[in-house]
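Residue numbering begins at 1 within each chain, and the chains themselves are lettered A, B, C and D in the order written.
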């Protein structure tokens, strides 16, 4: 059931990535090397293609298999970051029990912490973390407060959008955009954009 | 997009297959996972040199696999870092029991993927991060400078030292020293086009150039109007000079980005040579050609490496790879 | 026009000056008249090999001056034949008393200028005319086929034979034999721009290619829409096959026109290799890279040479030039 | 006096070449390699630059000096052809006597014959010879008939124009355009065009 959730989320993510191709590609062409769209689409495709193998696996097994597979297929900067997310999530406490809002909040928190550890970036560095860190916090707070699913979903999407927008006025400290210095100001970070788009799609698909 | 390809997603596999056939005397190619190793694999007792990075920079790195240079290279998708599984399998295939030295260009993706490989690899390893691109002032970012054409020089010199039997720690120190002694600055006259993207990475006006461009088409210091090459080269030279303060003997690498006629590269060489003469620098060694490219980009980069006696000896040591041989 | 130059009319002088400095251990460069000779000049008793042609095809020919290949090269203005005075002075500078062999690509201008030089030169001489371009059916013109990339193969093989001491008549016969055993077909994805002209030699639409293009941007067989490289290469292969009917062992040269990424050239190699396998041909020797270029043109040419045992031995013989070395 | 005539002719030729730059260049770009304009302008410049050295030389000496200099400066296909013209003209019978229409006819005939010998092409091969051969014949006939200078000049220009136009419908047998086969049809030969332009300018400057 929760493994199905993962596949369903990946399918929603893929559709959202494709629907926002030109926007994501445009941003990485502007302040990166133009391949972010391709990298994350490859990631989503990989998870979906893995579905038959995941059948019957526990969430921890499925998340770990996904992590290993993503690690060897995405490449680039996003590959290690995204696969670190899944690897950490596979070890999240209670991941094999039925999922609650708290489970989702916890796996997100663990996953985002792993991304920070791997990439050494933090809030305000104009990366995907400017979306992911606030989203993890919103999930945690909402779950703790027992917020209902619809309200929590809306808040998460809003938080992701704000995080994404916040990258526009920043200079980058990590990733290719960092080499641009001041010239990166005015352009949203592609990884932040794709994270927002994916999160929104997953929330909406729920 | 016009390219000599069959399909964007088959580019790497087919090109690598051709590379393997054209140089079957020198290398072995694996497609799954993707890597290129010296024919026959590892040499017992020798530190294994493993490099890699996104494709599109050919001959770097696969063209530098062979005697006196790399033991293995891991090509990623075009402009996309390879993945840890490639690096691990390649490193195991060339393991000589004396440890693995990764040579990695300083990009977030490459750094993280090689880091994961190093963590997962059994046995000792060390990593040299090249970061010779002086285009972007390092103060503005935590990632540090980009690794570009001096990687070729690091791979040649460290490769020669590995061949003569230096140990892992010595090689790591040598590579760091060569990297620190090197500075590179590039300029683009046209963009490159990533096959999977299908259109130019950036757009330049008919008279515009990108000064300080990265080898993935990343923007550099500024967009400006084309000027005579002497003026462009003077700016590039000064930027390098400021960072590495060369004196005495240098190695000069005039590197084509992929779409620049050799006629122009030698003209650039002449422009740099005039400046070196003016500054009292001796070009003790040099290399002119396409070594660290950016697909079909027109433009070039200039690299200066401050040479010491050991580096010269190692530079002159025999090398036998697809792209460098003496 | 964006180029790494100072002024259109200074391109050749400055590039040649840079070439001379970058390869001072191998060559000597004269600007007035313009030629490049092996460092130290002629070898007594050895037939002197002298080639030349318009510039813009680098590394051809100056990049092939050195041990085991050419003794001298005479560069003309870009895409314009050099003049007899250059050839005469160069031939005299490398004269070893055993005669001069001119290697000339079959273009009206080159043929006539070398002819005048041969007439005015004291001492014995012979001329090999290369005409390997199978793009244009020879029946339609009295000039015969164009000389293109197989010239590199002729220069390498004849150069090795001259080095071992073959006499003028034997070298002339060998060169004619290699040339006759060779066929080349090129394709352009983009035009080149002659610096003095300042704009592209021809115009191609965003999806158009010129099949059978010449190395000066001369039109070929037809203008067509780009297709997958396997299909393009099949047409090129068939055109060559029809003219030289290869069997057994061949040498394969996949030559970049100047603006083509090496990634694509190896992909072309793979496409040719698949066809060779299908036709029962063995690629016994090969070369992939920019050897006979057309400034910054994107595209490539494919050359096949039917090999015999002597040609293979001579191909493998040591060569030490700026562009070819083993 | 006749050496001055040569310089004057070269100056007229140069002006005409420059005035017709785009037309000549266009034709060589279409069926050649685009440099014909540059090559012949370099030729005219060379003769003009040589003027001081020619001062006081006999026509045969001057024509020979020009031939040798052109041989080492023009290059390409036109270099050997044009310098062969001047070398032959320098040896024309009676060249050092005061020039008459017959002298001009003779030197043209000798020069054109030398071009034929060097390049092996003839009438109808879509080269400069399609202008030069008929012009040499017209000069010879006119001089023999004692035609007056103005009429002869007009006839020469007319002949040159017709020769130039005749190349339009031909395929080429020599030079780069030969590689084009049928595709050369419809385009005037650049060497024929420049020959016409130069001849017209010299006639008009007389």
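By definition in this document, a contact is a pair of C-beta atoms (placed from the backbone, for glycine too) under 8 Å apart; a residue touches a chain by one contact, two chains touch by 3 or more.
Owing to the predicted nature of the structure, the values given are computational and were not obtained by experimental measurement.
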item	value
CA centroid of chain A to CA centroid of chain B, Å	32
Chain A-chain C separation of Cα centroids, rounded to whole Å	54
Rounded Å distance between chain A and chain D, as computed from the means of their C-alpha atoms	75
Shared-contact residues (touching 2 or more other chains) in chain B	78
Touch-based graph of the chains, sorted into line, ring, star, complete or other	line
Pairs of chains found to touch, sorted by chain label	A-B, B-C, C-D
Sites on chain A touched by chain B in the complex	25, 29, 31-35, 38-39, 71-81, 118-121, 125, 171-176, 178-183
Interface residues, chain C side, partner chain D - complex	33, 54, 76-86, 107-109, 112-113, 115-116, 135-137, 140-143, 146, 194, 196-197, 201-202, 214, 216-219
Touch list for chain C against partner chain B, complex	2-7, 11, 14-19, 21-22, 55-56, 58-59, 63, 78, 187, 189-190, 206-207, 209, 226, 228-230, 232, 254, 258-271, 273, 283, 286, 288, 290, 293, 295-296, 298-300, 325-326
